[in-house]
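Letters A, B, C, D and E name the chains as they come in the text, with residue numbers starting at 1 for each one.
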Amino acid sequence: MLFTIFNSLLAVLLTYSMGMLYYGFYRIGNARIHRRVGPPLWQNVIDNIKLFAKREAPGHGIMFHLGPVIMTAGTITSMLFVPFLKDSAWLQGFSSYGNLILLIYLMVVGPLGNALAVGVSGVPFGVMGVTRGLTRLIGLEVPFFLSVALLMSGSGTISISEIMMAQDSFSNWNMMAHPAAFIVSLFSFVGMMGASPFDVVGAPVEVYSGPQAEFGGKYLGFLAAQRVMFSMVKLILWVDLFLGGATNVFILMAKSFALFFFYFIVGAAFPRFKTEQAVDFMLKLPLIIGIGAVLVRFWSL
Amino acid sequence: MDNLNKKDKAQLKELKSPMAVVDWAVNWFRKQSIFMLAYGTGCGAIEIPPTVTARYDAERFGVRGAATPRQADVIVLSGYLAVKTLKRVIRTYEQMQEPKYVIALGSCPINGGMYWDSYNTIKQLDRYLPVDVTVAGCMPRPEAVLEGFMALKDKIQRGEAEGARDYRDNIEKYKNNQKEIFGDKMLPGYTCDWYFSDGGSF
Amino acid sequence: MKIDIKGIWGALSSLKYLFQPPGTLRYPDVKKEAADGYRGFHDNDLSKCIGCGMCEDICMNLAIDMVKPKSEAYLNAKNGSGLIPRLDYGRCCWCSLCTDVCPVNSLKLTKNYVYVSEDMNRFIYTPGEEKLGKREKETVK
Amino acid sequence: MAQDIITIFHGPQHPGITGNMSVELDLLGETIKRAETHVGYLHRGFEKMIERRTVLQAFTIVCRICVPEPDPNEENFARGVEELMGLEVPEKAKWLRTMVLEMARLQAQMLWFAGQGGSLGHYISPQWAVADRDLILDLFEELTGGRVYHMYITPGGVRRDLPEGFLGRLGHFLDYLESRLPEYDNMLLRNPVFLERARGVGIIDPATAREYGVVGPNLRACGFMNDIRKDEPYEMYGEVDFIVPTETSGDVYGRAMVRRAEIEQSISILRQIIRRMPAEKEIMAVLPKNHRKWEVPKGDTLVKTESARGEYSYYMVGDGTDKLRRVQVKGPSAVHAITLLEEMLVDSQLSDVAMIMNSLGTNPPEIER
Amino acid sequence: MTETIDNLLERIGRNFQITGQEVKKAGLAALHCSQEQLHGVLIYLKEVEKFDTLTMIGCADWIEDDYFELSYMAYSFTTFFTVMVKIRVSRDGSSVPTVEGIWRQARTFEREIHEMFGVDFPGNTRLKEFFLENWQGMPPMKRDFDTVQFVKDHYKLREEGREGACNVSVERKKRIDAKKLELKKEGE
């Protein structure tokens, strides 16, 4: 039991530092594309600590306080059901008790909790951001479910660990074995990470910063930390599902960074879609590929 | 990118008690990460984009834009303030979270500037809001604006950038001054006090 | 449904700057000299100033007051009124009319432009007689 | 189900607003049902201040009317005073004025480009465009002594002659900018997401454009070839060759294309000016030394200048003293930012507000002075 | 026959009672008419002469003769002529029916003149507060509105550090007198 708790803490620490590192790179990389120097690599950590060091934070009653907490809790719970490494006792969390379907549900819990808090705050921009987020979710989830379904039927299991185990060599990686599923999932991946062109939820020029509009001080600190950790969870999940998992932390970082780099270039190069354009986009190309792949799959069964 | 520069290290060596070190560290984090509220109040708004974009790149110093007052640390009042704007600025300032800072750019907030005889702009900003740093110029160049940010950083590190506390302590004085121009169309008291039923922070 | 491959490729082509050195002027380390004739802060050559008050007259912002200097030593023999201009940087707009109108070219604009203070009362300055901002907590460059 | 309309204020403190103004929006979901513009956050009472100042003193404040592009104001004011006083401007001064106006147009278009990208959440464009615009400001700094406010075009001529080697540096800059333009196109203007969002949004139909007196690129994007530089040539615009680019769609994309083409035209005009700049030294008409002796005779006139966002009109009234009786300013934004914008925004989406306002070139200080 | 601005003025003069007209410069003419004639002239300009748009409505305060001069500037995109139609209205409590029905953007211009000069435009649908907020007292653009006095009453100018300003001519006279006195003494 103690080992599990220690392992969980380690997972939190690892995702936090990995996330801060990646997003530090993200800011510097963006700055370079902008032809400027950019902040130091650890600027995100400084920002985060500063937010926690703010003396004041606005409150709107108990539900508002709970929002960031639910969000962070949701993130950490999802994290615990994702195995980080294969063939290792380390960084497994509770993944042996859960499966992919549970995880898909858990990943939605955080945003829903936040939606309640934003609703309590009564800020129209926040409410609008949440509405946009939920609308966008419809677009994102459909291709994601399709690719996950393909994967599950392909591997014949719903356990993440087992899916990961099955990918023993490069040619067996799900990315090679089920290229259609991988491509479809990449679209939802970019959307789930909140990169342009699917970042309409928190667009500052439209709805201030959407769901975060009313959060300041330590709440924002929680949300910022939560965001980077959640991004890492998604990266690791994709590594597990499609890139053959990782046997140690360095391989994990290398693989997840490759995915992160993809997200980064897409985010840097494109402006953002409107909400319905984003949903439209998701329900066109990815959906067609996805449905095509599913049909092919059932044909071959 | 020497974040802990020589000046900081020298200061750190002089500190004696652990609490002082903690205070120092908190101030260090505050000064290294400054979220600037994007509110173009006057002409000076035109020199803010060059300051934060590629040519001068204020993000090197940890200065970045924030969208809403809740997330911001510093409000840059760039130039003259019409009476109508001042009302919104006060409201915005009161919504920001402590510790919060004000940078004033240009001549106009100091003594009216070239609009000293205009019937619709205020003449002395520090009568209505606590100003931390003022930069001279009409408009200040991006270099001068950067120097303004550095002066603010020094002030934060010294622990003297407590405009918000000053505003709370002397709320009577500030509100009376504001009343002089708004008359009975005053804003309600300190925004947080009436906006949040549970009293703001805990 | 059409996929605009050319457009997508074009958009991605801007990412090539990721591998190129940035074009930022690293300000505090590298300073860019202001151009000749930049309208920065004032300087008054007191050996020439005749105290005519033309600068005070033309300034519509009432930024210039003619005042008695701290000591008579600042005045030259030709100074008719015994007064020199004092500037209020809470009014000045650096339009340069005062220097254009100066009959002996004693009042000039320099290339310096950085003056940051924490006190709004410290923006009054008599060029020639004193230096701008010798006090603490101020930045002058 | 009852329809829940919520009212929000888009501005004045909002990252998606151009300058310091605010639009009150009634929203049903994300669709705008009613829009109302609130201005006056920047009102300084310029007309009153000009009444109190002599002509020479007033010329230094008119440039503050429009922050992104101050020179058309100086030009208008100077030309109005010259018309009223019957002054003759030396030829070189006219060339210099034309050059400054074109440089100002170029930098204003860059600023528009920055805003257009920024309003779509594409953060490369503001970073690149503002940094490249800074190079023009450096040239301005050399020529006029100021980065943003130049106070260069004065009644009777211009204030300074060209610095040594200035035209060469201007030419270099133009070459640089021209080499960058394809990259700008690739980055934003041909970006599939931009096309998807900008086409068919914020349409002004030609009849409305005419009736409201929409000016500048907004008018030209509706298919009209109207440009004050061509219609009523001032300074040296009659001497240089340029075309007036037009589009027919009248939407955000059309306006973007017109502005993009105008950048090229400005570059070509500036190249012609570099070639034809006279060498003489005279840049000022002869005027009394004492500014209180510049008497403006009784009479009134209307002067117009084409800025990057459209035509600036100055109605100037002299009354025989050293001060002007009245200078009334109508900026290009005054026609579209209030009544027309309110009508355009109805039934559009909240996401498009920032983009539409940027593409119209809304600039509050010129509405309210 | 090419269209000239003189022909245009002549045609208008034939149809309406014009009290005065002048050509200011190429493409810019002014004509004076009474308030009753205003709408007729403007509708004629728009409908018959195809003056598509209203550039602006100018207003000048001639306080000596106690009237405001309103200039409606109509602009034609085909001939590039501007015609200023000028009317005189009394300085206090005057009202001019709106021209919003002819050109819609006149709404904004009238709204501004209403706020800045206090001229009433009956029929204008948006005649409410525009630039100023909660303004009481005299409209600010009137000539007799003293803005410096207003500033002194409502705002405080920073006086600290600005003491001791001297008048140049007074000081010069003092110094000359002192010199003279010195010379006199020396002479004695």
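Everything below uses one rule, namely that a residue touches a chain if its C-beta (ideal position, glycine included) is under 8 Å from a C-beta of that chain, and two chains touch if they have at least 3 such contacts.
Computed from a predicted structure; not experimentally measured.
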Given chain A and chain E, the chains that contact each of them: B, C, D
From chain D, the most remote chain by mean C-alpha position: A
Remotest chain, chain C as reference, centres from CA atoms: A
Separation of chain C from chain E, taking each centre as the mean of its C-alpha atoms, in whole Å: 35
Whole-Å gap separating chain B and chain E, where each centre is the average of the chain's CA atoms: 39
Separation of chain D from chain E, taking each centre as the mean of its C-alpha atoms, in whole Å: 23
Numbers and ranges of chain B residues touching at least 2 other chains: 53-55, 57, 60, 67, 84, 110-112, 114, 116-120, 124, 138, 141
Multi-partner residues of chain E (at least 2 other chains): 131-133, 140, 145, 147-148, 158
Multi-partner residues of chain D (each touching 2 or more other chains): 15, 40, 43, 45, 48-49, 52, 60-61, 124, 127-128, 131, 149, 191-193
Interchain contacts, given as pairs of chains that touch: A-B, A-C, A-D, B-C, B-D, B-E, C-D, C-E, D-E
Chain C residues touching chain D - in the complex, by the definition given at the top: 4, 6-8, 10-11, 13-14, 23, 34-39, 58, 60, 93-97, 100-101, 109
Chain E residues within the chain C interface of the complex: 158, 160-162, 164-169, 171-172, 175-176
Contact set on chain C toward chain E in their complex: 51-53, 56, 65-68, 80-83, 86, 88, 90, 120-121, 124
In the complex, chain B residues that touch chain D: 37-43, 45-47, 49-50, 53-55, 65, 67, 69, 80, 82, 84-85, 88, 92, 114-115, 117-121, 138-139, 141
Chain A-touching residues of chain D, taken from the complex the two chains share: 6, 8, 14-16, 27, 29-30, 117-124, 127-128, 131, 188, 191-194, 196-197, 349-354
